[in-house]
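Notes to accompany the following structure.
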């Protein structure tokens, strides 16, 4: 088990290296660069632009730029943003925190909705089951950016007084901050709740048929307490795993929601930095998101291996 | 990396009730798909106006002339919706076909050969998988231009690792099954073995997953178009229509609701189909 | 808008006159009027604040772009100017009706056409407490002209021969040739602003003489400024705090304004702005002067665009008024090379050659050029991120099609598009809108065949080059305006650039509890200094 985890983590190194090289080359192959893009239509002479490029180190050969970047990255320095001229690490983490918070709220919402519908579907069966399935199928079919757009539309039409675009930083007003993230989180949560719901339903059905639950029932425990004590607790483990998996995909997928609700998170940051060709920022975001994806995958693998081991026991 | 799908496919006893429901769902999904295909196939004949025709009558509401009103530069929303569906569905279908073809080859080869080949292929796909979709899309569009073939290429690249994994998982377990071993022992060629003995056994989960991928691809296509990375104007597409309409949505809610409804309808079609197929073909609940 | 000759910023009397005019309009209540100002260096220090103003409070401004660097001398980004215009000040500045008035200077004399001697305000301090003097002025311009600084302004101020400190409150600029653009650049923020001598790191820690001081900046979130209590205009700034909040998305910006999450903002899309203004009655909306033009740039280095008849046919096939109506909802004017807010800018109605919409004549011209069955001009490249540009390009495509001219639209990401445009590498047609520039000469340089851009575009017109050079050297505004009109007519006659329409780059809007604010065609918010809020 431990060996397997070590191998998995060791394999993550070449993957991250591959991703970083691919990103490095790809963004530099794109036509246009930061100097020109920042200038826009302002008339800046070619000589000035070249000097700016030199100052940014863009006139060096690409392999030299990569090695320099890698050397710094290994010592924890992800470079300086071309646009803000501040260290990328100090720029990226506040945004990562925002996206993470948004994702967390969405995950909690999805858990609440999913577990409720899943339980209802598994316990009540029949019509309730079908109603839940229908509902799940329907909300799964609404892409999150469509949900978000419709929320914005409804708010604009009927509740213009609520400030849906009033993002507040957490440290200035924590309550307002969470409040400002509720609607964006909802648009992310709907689709995830379907996965949670389906898994809850499956887990509850599976566990209800298992020996220890039968035994508990035979011992004369009230059905309700059997449900809560055994069923839910045991069924929740796979549900949490699945939610975790979906949350990892949310981290990368919140770009649209962040754009629509004007939330200063990672998604918007990536989009802006690509548009402005802010190479160090793009590079850092790619590395961080790839690391998250790889890490979550390793965790999922471990979870599955443990699940398998339990089955074999 | 994630070998989630490498878990053995659950092969349970047939559940007649679930199967019956499955047939119903497939029928409903099929009907929805048929409606969509007919509307898109005959789009140019059905659409009341040229979808690019601009008129001074902008942001008009519902009327006998314009059933769904007009957009911010006076184009008929219904016509744009119909023609836009062609673009969106065409990109989706071709991209998924390409990803499926590539995924099949990579998944079969990787799962059947195992060992070093498997490791190399899967790790290479991991790199693609860990790469942000939008960076890839923007890179392709910026380097090669926002054309339909480029968009298809991007989406095919994004979905190849996912489908390859879906194929590889069942192959891993199926290749050890008795009749496969038997065929191998009587000297059936490797290629024939894979194509005629392994492929048929893994086709059901692939069918289900393809249907889900179609739903996801509609999401990706419309999302990229929404972000301005879609096919170029004047040809309409659903994601682009939604994005364009947002600025004036309080004045003309229908310009937002119409493409949103179309996207939901198309996605729902493939989700219903996937659910139906899963029940009908009795593919395990593992996703 | 032809400039009022009486407000000509070339003689000393101008200052007095403009001060008088302004006080009469009560835009700035200046204590000193008439000729007093030129004598008393403190004349301006007394003016500015509105006695009715409610002091203190916070103004939230919705911004659509983050700054890229806060050093006014090295930033090249338009989005930074919004912030530098509150942090820094220069020797001169623009009034709401785009006249030049003194700021850090108290006045200037021009002994000859190439010499400007500025008298400076006394007792001014930078935000770090360092006193402002003539040394800082010299330092600023020496820094700009030093190639190691990599300042875009080195080209702007290339006409400066020397800057000399005569005494701590007097500085002399010697120009190489007479230059009508010089004072206009000096009045523009950030081009002409003064930075403190010997202070580094202005990009992240700006230090200026402006009415507001830098407090904090969280990218994509907010930019906070606080009142400079030692600001040199009596009673200003009125506000205590100014907060910029960032909304990349225009619809988010609109909603934020509507929900009063922000007190004021500006819109890129005049149609959106007009609609919001119409639906919210307590909103003050200021369309502002037109400062932006939407041109189609043609690559004239090769066939078919090197044929003047094809370019003229394109112009005749274009229905500019229809574009204006459909894309801008009528909030703009037909455009020529120079927007109306500039010296000699086009008023949108005077006749221009080949501006009439005549598809039949266009077809006839095409036939004469050897294309009786129409012509395919290939890719027409536009900025994908600009809704207005993309909308207009679709209309143009249809208009041109009726005259037998086919194009394929290719919206492109901004970075590769700019690269292509600047280097003259686009195939046939490309549109990128031109923003406000301090002087019309900057716009005309685009079509000068002796300038890099014009050369890249394939310009060969020595006569036009001469006209452009003469206009820049022309210090008499009415004459300069007439020369600029003639230049634009020549451009239209040869269809070197196909200008479609002009409109305000930024349509400003604010709630009616915001007072004392004036929008500027210069696209900066200098008048936040006199703004006050009464919620």
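For clarity, chains are labelled A, B and C in written order, and residue numbers in each chain start from 1.
Going forward, a residue touches a chain if its C-beta (ideal position, glycine included) is under 8 Å from a C-beta of that chain, and two chains touch if they have at least 3 such contacts.
For clarity, every value in this text was computed on a predicted model and none was experimentally measured.
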Of all other chains, the one whose Cα centre sits farthest from subunit A: C
Pair joined by the larger number of C-beta contacts - B-C, A-B: A-B
Whole-Å separation of chain centres (CA-atom averages), subunit A against subunit C: 41
Between subunit B and subunit C, centroid-to-centroid distance (C-alpha), Å: 47
Rounded Å distance between subunit A and subunit B, as computed from the means of their C-alpha atoms: 22
Per-residue multi-chain contacts in subunit A, two or more chains: 30-32, 152, 156, 259
Shared interface positions of subunit B, touching two or more other chains: 138, 142, 246, 249-250
Residues of subunit C touching at least two other chains: 251, 385, 413, 415-416
Complex contacts: residues of subunit A adjacent to subunit C: 30-33, 35-48, 51-52, 55, 83-86, 91, 94-95, 152, 155-156, 160-167, 169, 259-262, 264, 268-269, 272, 275-277
Complex contact set, residues of subunit B against subunit C: 52-54, 56, 58, 72-74, 138, 141-142, 145-146, 228, 232-234, 244, 246-251
Residues of subunit C touching subunit A in the complex: 66, 68-69, 75-78, 147-148, 150-152, 154-155, 203-204, 218-222, 246-249, 251-253, 255-256, 258-261, 385, 413-420, 422, 432-435, 437, 442, 445-446, 452-453
Subunit A to subunit B touching residues, read off their complex: 8, 11, 14-16, 18-19, 22-23, 26-27, 29-32, 133, 137-138, 140-143, 145-146, 149-150, 152-153, 156-157, 195, 198, 202, 252, 255-256, 259, 267, 270-271, 274, 282, 285-286, 289-290, 293-294, 297-298, 300-301, 304, 308
Touching residues (chain side subunit B, partner subunit A) in the complex: 1-4, 7, 123-124, 126-127, 129-136, 138-139, 142-143, 215, 218-219, 222-223, 226-227, 242, 246, 249-250, 253, 256-257, 260, 263-265, 267-268, 271-272, 275, 285, 287
